[in-house]
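Order as written gives the chain letters A, B, C and D; numbering starts at 1 within each chain.
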């Protein structure tokens, strides 16, 4: 059994990690930590876990007493890097769910996150934990940077186009819509019920940090710099991200060719479902699946690629476990055979 | 492996049965039927199952070719009894999720359902499949009548009071609130989004069929006829029932005594969670759990008992599987270790 | 024109007052205040008012410079009484939307609100501003205590029964369900989207402050002390309260008699709609209406009375304006002819 | 007083027309019709109107007995044109809320609606009733084609760019999100609560009929053929459309220039609110307002234009009344001074 520690368990990502790891056949949870609520039960913080997981929350300082095989960092960015700095020479693997190691360099990080990085030398070394693109790099890795939720949905929708050099790299638009859990468990006007319910709006126009994450990865897929217009919106929904992406083909294409390229690209990827119908949030709710529909509009000469994920699973905790499975050479789907909760 | 057939799979109950049985370690699904959509894939009807369950829908007439160990009838009432009539001498067990065999006699059935019963002799024989009350009767049974969703929540909230003869049997009020999936998958003004969203109302005042189901079972628990005021309401929510029940104590009671009686009554029942806080729908979503909170109001001399279930799981498909587990002498919780989806 | 000042405009009640008063043919808004955001525009705080009401927020200390005819206190309880103390000898009328003057005495107030009252002598003097019951007292009054939202719905559902001495005064149950705006504009776990959406729960069992408000008023209606079991619940809905009330008749009654008593009691009341169907939240959304349905269940010998209001209008700002209309001898419905927003 | 007849009142558009016209100072409703429910009260069909509008529903054949000044056709497309054919020589004005007269010719209509037109000669004659663009044409008109909901939001977001010849006409993307009332009052899987709630999806990719309506009008604004990529999505929301539109500038532009062009273009338009913040659905709910935010992304060299309307008001009934006001030379805002319902 792999012994797992979850660092930071008061948020949604931490809670989702616990939920998934409890059902994982090859893992046991050694420790769940929270600095603000240590000493309380995990099920005091997340009452749905009563009788299911009543572990006492500990402090991250106890790490040496539990001697885990893997640590999941479910912490805010900037806090995560402090733990990486402290623990980078420890024996266990680290899967960081924050944004701290997702970008190509400490300079880019500083530009988009407005923070100086603690361990600049590590940033280019840590692989980007999107298994559909970087499985080989993840395999041998000590640390993995788990992707952001929007980038997961956006990149998976578009990567086959870039990899096949099919689109103009300055024509890419990612119009994304997310449930409120993407904004975290903390109460704020952004997540206030009456501000969200029966409402809808965009936010972070032109400047959201996930923009650069999408751009860097798509550029890497295509071996040519891509520029991405990324516009997130907030839905009156708990979970789920739907991406509607647009790009201009570089060449003459057909619907059939397009679908064939996606089939080739995602062959053998267990969590990708290519669909002939449009994806819906509830078709992937609670799962690690990414549903994708791609189509070509002859009239406008434009490609549309739509994708749907659960932001807390494929967009966070589920993907982290997928990464863990790959690192430890388990079946990639171990613990992740989940059926969507619909309705 | 137990071979299971699911008869009627286009609705929510059928789909939930498939979802749960696919994960059951001791069951394999032999057949899923739909008369209206036979020949199509199950995942055409319920697209969330693509790549997960792509079985072809068959007709119930194929039953002999698959030779199942158990049949789940996920059919409307009145239709279910026709199948029971036809199949009552077959070798397999039958778990009927309709209302056709839940009441004490064909006469009572006719009075509340306004239909003459096809197999009146069977009605008093078939045990009421609420395992927390009737486990022993369920064990040896050929046919089980799976309880209604409201009765499951209402009876579990109140049974300890009746069993301990603690309340006036004419003082019981069950004010219940349900998600819309209780009204089924069929489109109608009742389930039209704009009629439900940001809205709330009662329905079926004084006359809902689940009234008699609650009354008969509570009367049986208490060995004295109970009368129940049952008022259902429809919530802008997919899943879940919350019951707020009121009763007048017959004797001098205390909060501590009340809690002790509930603890005793539900000792060893794996799906009952007695809570010191109020239950919430999302704390049981997707699971077979029933959360219960009971309290005594000294000021008004009244007992309040609140319960929450997922209407599609503990109120339907999950309880059906719990009944199957009992019939086949499996661990009662087999296939039902589910963690609530929250948020 | 009546000059109105709105004291405290950052919350929902203040915003709703502005919305209604802007359309009132006989009123002009002289001043809107907010201590925390003074100097900003009202439409900065509530952006829906851009181009509609861009008044600058002032401090309550400016009151003498505007010389209003009426002040609406849209303040938290405890804060409101400080203003009443300071302003009680001023020339203008005061309509207090807080709970500070709703109860019968400073002692009762202290018992339920856990605060010593600043102006104990005023508490029994200030009329309870429920026009359907106390129009005559409101007419000549300097100060009016605008009722709570739950009490408005609960009392209007039941008052005819008490006034006609028709029910056992210890048998009354008010099972109430409210939208989240009842919890105010402030962000908190209670109003966090993912805690409310697709969820439902009770709160404040046995102890909610509105209990005593309902009890005192119903007792006054009936000239006999009534005890009320009041259980509020929180709905995934913005606006609206639905009350499902139960009571035991004292006498032999019929459906027809019951309806006749309600018709008599509410004759000429412009905002009461007696309905033969169950009320729904959206049928009163945005309006000062109270929809009521009453029925008798012969089988259980119990009366059911259901009512629906918009908690921000009939339960707060609209009723405050109705009170103002009465005080200033305007048509009671002036400025309140609103058509429900449905869907 | 202008006498108005509303033809077809069982849907949302009809109900919204009644709601707005009842408050219009210069209009009286002469007749409301429904062929399927004639003889019933309007408030039987829409119970929120009880005591507010209890007119008996009549048949459209009664038109001559009421002799109206204006008829609003709230009918499905194809049905509307039959009435226009029948009534085109009558004395009254006709405002058609269907799609039958919105396009440039009967040929284009046939291509997108797959129907032969009944009155092909009228199609190019009837002005497109978007007052912000075509006020002068609407003024003298006998018949007006009220715009579609998506086109209203899409065109208003983009028209200043086309009119100023600022963007590449093949670069326009309209990513639109609508509440479910856009799909009408009829129950169907599309509007089934459990299919919409906590869910989100696109529909009508590449082929939605509103595409051509947007294209033709934008082309007309720009005097150059524009091609539009239009992608609608369905939100778990009752009312409201948010458009996120993208276009590539043709010239060197700045944020300031962009804003100035919009200010110029919409100068004096009473329902357009240019905002420095992103629009939200609830900021316009229940009103005839269109909120617009436009911005330039230097990094990507792309213009983003976002707009929000209430699909039933500015997207249907409110705009129809705005057109009526213009035809009858009333103040354009008469009867349309509505404050958004938020929360």
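One rule holds for everything that comes next: contacts are C-beta pairs under 8 Å (C-beta built on N, C-alpha and C of every residue); 3 or more make two chains touch, one makes a residue touch a chain.
In this text the structure is predicted, and so the values were computed from the model without any measurement.
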Any chain touching subunit A and subunit C at once appears in the list B, D
Pick from B-D, C-D or A-B: which interface has over half of its contact pairs in common with A-C?
B-D
Determine whether subunit C and subunit D, two copies of the same sequence, contact each other through the same residue numbers or different ones, counting it as same when over half of the numbers at the interface appear on both sides.
same
Nearest whole angstrom, what separates the Cα centre of subunit C from the Cα centre of subunit D?
37
Using the average of all C-alpha atoms in each chain as its centre, how far is it in Å between subunit B and subunit C?
39
Residues of subunit B that contact two or more other chains, please.
12, 181, 194, 197-198, 236-239, 280, 282, 285, 343
Quick one: in the complex, what on subunit A touches subunit D?
170, 173, 175, 177, 179, 194-195, 197-203, 205-206, 227-229, 231, 233, 235-240, 242, 244, 246, 278-282, 285, 295, 297, 299-302, 304, 306, 308, 343
Per the touch rule, the subunit C residues reaching subunit A in their complex are 12, 180-181, 185, 187-189, 191-194, 196-198, 236-238
The subunit B residues in contact with subunit A across the complex are 12, 15, 19, 22-23, 46-52, 181, 197-198, 238-239, 273, 275, 277, 280, 282-286, 312, 337, 339-343
